[in-house]
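Okay, so chain A shows up in both of these, paired with chain B first and chain C after.
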Partner chain A sequence: MRFDTVIIGGGLAGLICGIRLAKQGERCAIISLGHSALHFSSGSLELLGALPDGSTVVSPADALDALRQMAPEHPYARYSRERFLALAAEGATLMQEAGVATFGSAEQNHYRLTPVGAMKPAWLTFEGYVHSPNADSLPWKNVALFNAEGFLDFYAQFLKDEMLRMGTKCAAYTFNLPELEQIRQNPTEMRSANIARIFDKRETLDKLADIIAAKMDDAEAILLPAVLGVDCKDGVRYLEQKLGRKVAVIATLPPSVPGLQVQTLLRRYFQELGGVYMLGDTAVGYKSEGNKITAVYTRNHGDIPFLATNYVLATGSFFSGGLEATNDRICEPLFGADVQYVADRGEWYDRDLFKPQAYESFGVKTDELLRAMRQGQVIDNLYVAGATLPGFNAVKEGCGAGVSILTALDVAERILSKK
Partner chain B sequence: MMTEQSNFNFEQCIKCTVCTVYCPVASVNPLFPGPKQAGPDGERLRLKHKGFYDESLKWCLNCKRCEVACPSNVRIGDIIQAARIKHSTKKPGLREKMLANTDFMGSMATPFAPIVNFSVGLKPVKVVLDKVIGIDHRRTFPKYSFGTFESWMKRRRKKQAKYARQVSYFHGCYVNYNNPQLGKDFVKVMNALGVGVQMLEKEKCCGVPLISNGLIDKARRQGEVNTASIRKSVVENKWPVVGTSSTCTFTLRDEYPHLLDIDNADVRDHIELATRYIYRLLAEGNVQLRFKKKAPVRRVAYHTACHMEKLGWAYYSIELLRMIPGVELTVLDSQCCGIAGTYGFKKENYPTAQAIGEGIFRKIEASGCDVVSTDCETCKWQIEMSTSKPVVHPISLLAEALE
Partner chain C sequence: MTKQADVIIIGGGATGAGVARDCALRGIKALLLERGDIATGATGRNHGLLHSGARYAVTDRESAEECIKENMILRRIASHCVEETDGLFLSLPEDGLEFQAKFIEACRAAGIRADAIDPKEALRLEPSANPAMIGAVRVPDGAVDPFRLTMANLIDAKAHGAEVLTYHKVTELIREQDRIVGVKAVDCRSGEKKEFRAEIVVNAGGIWGHDLAAMAGVTVKMLPAKGSLLIFGHRVNNIVLNRCRKPADADILVPGDTISLIGTTSSKVPFDEVDNMYVTADEVDLLLREGTKLAPSLAHTRILRAYAGVRPLVASDDDPSGRSVSRGIVVLDHATRDGLEGFITITGGKLMTYRLMAEWTVDLICKKLNINKKCTTAECKLPGSREKEEKISKRLHSVPVAQRESAINRHGEMAERLDVGDAAARSLVCECEEVSVGEVKYALNELDVHNLVDLRRRTRVGMGTCQGELCACRAAGIMAEAGKYCSHQAKQDLVSFLNERWKGMAPVAWGDTLRESEFTMWLYDGVCGLKNEKTE
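Up next, the complex of A and B:
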């Protein structure tokens, strides 16, 4: 199979890179081992929420200089302010084109509300999700919160308490519907995606609207868990029209309905642009000549190779198999690319779970152009994007989605500029 | 206390629940606990004690979409099927035996095809089948053909042997008893590419309906016969084995070692799907397909069958369809159509099967296609019954377009 570019990894970085390349007419294939971390999405994408020293970031663009000083190996450290803003803007535009409407900017963080009621800095929040310009207040003084009866991946009491602390009065209700009774026959399946599916039907949303209307009183906004449909993506707007009130949703614990929707939309857009998306396959081998990769082999395709001019490694980190840890070393399992990590195993992690963990910033070494290294040599046509890169802590710095999107676009541009 | 060992990697499951999100059954039938619960979660308990086995696992239609979705390579579908094989105490009844023994039913029916086809289409017969043995009366039966593919092939052995290159064709029960034309189309396409077609020394049903209906011993016996014939073809004659059915091909390659303990490691990579084999021939660059000069425009919608999705080979069929002059191709989102072989024939499964397929039926109607194409015969029955569109195998579309 011959392509211009083969991307290994079908998560956020792989998809964004593929979309950008396919838009320029490149023939791309994405090889994806199952579904990605997007299924854990919070309903927002983050760019940079905190510096490595823990201080909060208000403007990601303004924080770049400080970040460069504290973490010279951070993927963002290579970008000027202008370049950083340009890549971020392009990422937001691609999302829009794929059908993902968002709110937010790279110059100023806003805050999203987590399912346990904490406020976290965010860059782009999907349309319809709760967000606020401030870390310690919501845009409303009086809200009504509705949760599905028996749905445990959403913490109404925490949310209520936290909102009250922020000066927002919250009346919490549960709702029940015959369709929910159906799902409840199997209590383990009272999960976000299953609940969301019942709201793909307008009749079910209508019934929910009636329940809310009877109880909402003078609430300024109606808040719900993000379960208002999987295929149907305008549940929030529909309820707003029916109720004549502001309606907003809050992401639940996984599986994430917004993540599921974004994954579907990005994949569909990539395929509409002519991209080939191979789900459920694993890259298991390669061929190289000198400093070039000439073929990649997968489990499903056996001896039929994926031939391409360029390859992109967007396999993520430990969770998705992009990196592997053994007792004494960390490796990149496919190409045996060089990995940047601390040799002493004792320093890989901190016993305090909530402290920054060193292993999170391990990743594949690259040159300035994001090409992977092997035994100290640059591989000319193997680029690295997203969580496979070293030098950042996605959790503590709140920068996972941003690193994925910005480096994926950067890699795509480098591939295109070679032509 | 000693616990049993599991042959499956259930401990790789990180409980992300992505499998359940993409399970076609869990989204329409609340009685099925979903692949995570039925698979790796349940396996942990079943190893402790068989009493944890739950008959609700019967709702699994073995589409393997959970495995395709899993980011940790857990063999969820295999875990569920193996648990059913090991623990289910439900004995297969007359209905299961009728649905599962496609070979026997086919060889009984084909000599009397016109009568059989006429009778099973009759309302009173359908009512009896529904009420007495539990085959849903709303289901349309695939028609039997008058005369089998094998008998047609036997008359062509000598001519086929003249080609320098040879393949063995695993035609499957469907081609043999229901649609010999597809087999003839396959022979035409192969011959056009300079390849002669042979039959396996002995071909039995691949066993997939036997496995899903709990007739495991018989499935294993047939699997051993098939694997021995495949070995003879691949190892002795150096002929690869090619199938037109995605499910038969998947079963011969993967279900045999995973569920029936048949070791086929030496031949597995030489069991191919027709469209992939053609892709291979064309990629070698020594042969070309010659198409008819005048090609009518045909809007084709390609449907990726579940086992095709699991094989990961839809690409080859799609690329082949794109090569056919006049074909305007739409690739439908890969979704289960609901029938899953014999599953959708059973009365208690009928509503689940139709609810699963509802989305794809709607998309097919909305696509404005003239014809749907898929590599799976049971998807064809389901889609033809549930939409207004005819369904044609990619190989038949190709054969029709050849000079």
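Up next, the complex of A and C:
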């Protein structure tokens, strides 16, 4: 199989890179196991929420200089303010084109409400999710919160208490439906995606609307866990029309319904553009000549090679398998690319899980053009995007999605400019 | 406030719990004070090995005899805490066979069944064993769940009139002339100061008994010895594997529930470290290196966590230097030893002999109180072990099979007390360990649960391969809804729980363990935005 570019990894970075390339008529393949960090998406994408010293970022664009000083190896450090904003804008546009409606800007963070009631900085929040311009208040004074009875991955009590602290009165209710009773018969089934599926049917949403209407009283907004449909994506809008009230959803614990939806929309868009998405497959080997990769082999395709002019490594970090740790080293398992890390295992971790963990900033070494290094040499046609890159802490700096999207677009442009 | 009891027991490990139960069964009003949760010291931090005594047969005949007797008793009275796995003592080429002959002879002399079997037969019985072995001896080792055992003792003690107060730290022993008459304690959760009075105070504080004795003005010289262990992600072996040689580091591999455990290392530690021990990279490497000699597949098995306990070794009274250490049971009547009435220290021994330690202690208490009642703990079955599993299983037929088996395994016939009547109650909080909402609520209502770690000890929430990824948050939500604490406390409790899990994971955080940890961090720090307020 011959392609212009083969992308290994079908998460946010792989998909965005593939979409960008396919839009320019490149023949692309994405090899993906199907799992990615999108599966625990929060309902927002973050660009830069905090600096490495812990200080909060109000405007990601304005914070770039400070970030560059504190973390010269951060993937963003290579971008000027203009370039950073251009890449971010392009990312937002691609999302819109793929059908992911979002709110937000790279010049000014807003805040999302987390499943336990905290407020965290966000760049793009998916349509229908609770967000606020302020870190310490919500746009309403009086809301009603409805959770599915027995759904354990959503924390009404936490949310209620935190909202009250922010000056929003919250009445909490649970709802039950015959469709939920069926799910409940199996003890492991009361999870977000299963609940969301029952709301793919309009009649179930109608029943929910009746329950809410009977209890909502004078609430300005109706809040719900993000389970209002998987295939059907306008559940929030539909309820708003039926109820005549503002309706908004809050992320749950994984699996993340918005994450699954975004992944599907991006994949569909990529395929519409002519991209080939190899779902459930994984790269297991490669061939190289000199400083070039000439073929990649996958588990499902055996000795049929994936041949391409360029390759993109977007395999994520440890969780997704892009990096592998043993008790004495960290490696990149597919190409054996050089990994930037600290040798002493004792230094990989902090004893407090909630402090920055050094291993989070380990990643594959690249040159300025984001090409991977191996044994100190640049591999000419292997680019790295997203969480596989070193030099940043996605959680502490709130920049995971941003790094994935911006570096994916950057890589795509570099590949296109080689033509 | 002042409360009165016949006996105050300080320490909620297996020994303290055993003393409380024994007192209660003999009609003595007992009050047990524990500074944290039950079974958090050496009791909860060992192999969970139901020793046959074979390990001590060559070096310590007395301990070996005590072990095999108690082993047989526990199989009877604590069947829901015990797994009858049997054990193998493997001789590897580097060990030679010389020790084996001596070993078998010593076992038999101590009353321990010990049968030499063909290495091929041993490998058939336990396919994970090192095929390079040159000899194998089968002995009646087993596995015991120390937490369940302690809990069952306390449930029975309470059923017979004892009172148990966890999170009560003793701050002072009240002394009147040459007599201890009670204790002052602080309720660690509310900060309230309390006073308790009794005829006799029993020091069952394990390694912390050293300080308790000092509070009473007497000296019990203890030597903290750290022992580190590793937990593997699945059950590697079904039979306990030992090395047939003089006891050494990392030479016991014990199966327990869904996991296997290798241990231990042994090193002296200073007293200021006993409250917070970390397993070092060297210890992990040593345990792995030696462990793979017992079962080579350990080299490729995921390690879930590493943890360490402190053995409360007691220096012999006639050797104040501490070089001569006793591993046997030590009951100190401070009246005869130090001229201090009303104070008894029970220490030394081992988990295996907790019941016997309690018996000796309560015999002494009876003597002091002029009570003429015989110990019955060797005959009376513990709650949870009083009915056959099949019988309980039949009565709980409406509960899904995996959930039912897990609940009965953990609680024996007390599983019937779980509220699993409707589908919502049967909904799973923890998929790895099959813990239902109903089981969580039972623990919250009846088993003295004050935080998520307490809950974990009683239900195994968060002890599976994911180490509390999703179940921790679910359980915190249920606790907050049950009014156990406010949502702010619930979140900080969640932070503490996740950090307690991380403490065990960090020393072995590579491979899949690192992947899980990264996911946990993304989820709780990233998605949820939880913060550790203690450090901010």
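Note that the second predicted complex is superposed on the first by the 419 of 419 C-alpha atoms of A that agree within 3 Å, B and C clash if a C-alpha of one lies under 4 Å from a C-alpha of the other, contacts with A are read in each partner's own complex, and residues count from 1 in each chain.
Here is the rule we use: a contact is a pair of C-beta atoms (placed from the backbone, for glycine too) under 8 Å apart; a residue touches a chain by one contact, two chains touch by 3 or more.
None of the values given here were measured: they were computed from a predicted structure.
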Considering only the touch criterion stated at the top, classify A:Pro254 as touching first (chain B), second (chain C), both, or neither. both
Of the two partner chains, chain B (first) and chain C (second), which one does A:Asp161 touch, if any: first, second, both, or neither? second
Counting residues of chain A touched by each partner, does chain B or chain C come out ahead? C
Pick one for A:Ser317: touches chain B only (first), chain C only (second), both, or neither. second
Check the residue A:Arg245 against both partner chains and state whether it touches chain B (first), chain C (second), both, or neither. neither
Who does A:Asp281 touch here: chain B (first), chain C (second), both, or neither? first
Contacts of A:Asp352 with chain B and chain C, given as first, second, both or neither: second
A:Gly34 contacts which: chain B (first), chain C (second), both, neither? first
Is A:Gln185 touching the first partner chain B, the second partner chain C, both, or neither of them? both
Could you tell me if A:Pro115 is touching chain B, chain C, both of them or neither one (first, second, both, neither)? second
On chain A, positions contacted by chain B and by chain C: 40, 184-185, 188, 254, 319
Contact residues on chain A for chain C in the complex? 37, 40-42, 114-120, 149-150, 152-153, 155, 157-158, 160-162, 181, 184-185, 187-188, 190, 251, 253-254, 256, 317-319, 321, 324-327, 345-346, 348-349, 351-355, 357, 359-360, 394-396, 398, 400
In their shared complex, chain A is touched by residues of chain C numbered 278, 281, 284-285, 288, 400, 403, 423-424, 426-429, 431, 436-437, 470, 473-474, 477-478, 480-481, 486-488, 490-491, 495, 498-499, 502-503, 506, 508-511, 514-515, 517-532, 535
Spell out the residues on chain B that touch chain A in their complex, using ranges where they run on. 14, 16-18, 20-22, 26-27, 30-34, 37, 67-73, 269, 276, 279-280, 283, 309-313, 315, 331, 333-334, 359
Which of the residues in chain A come into contact with chain B in the complex? 1, 33-36, 39-40, 182-186, 188-189, 191, 193-194, 197, 231, 254-255, 260, 268, 271, 276, 278-282, 298, 300-304, 319-320
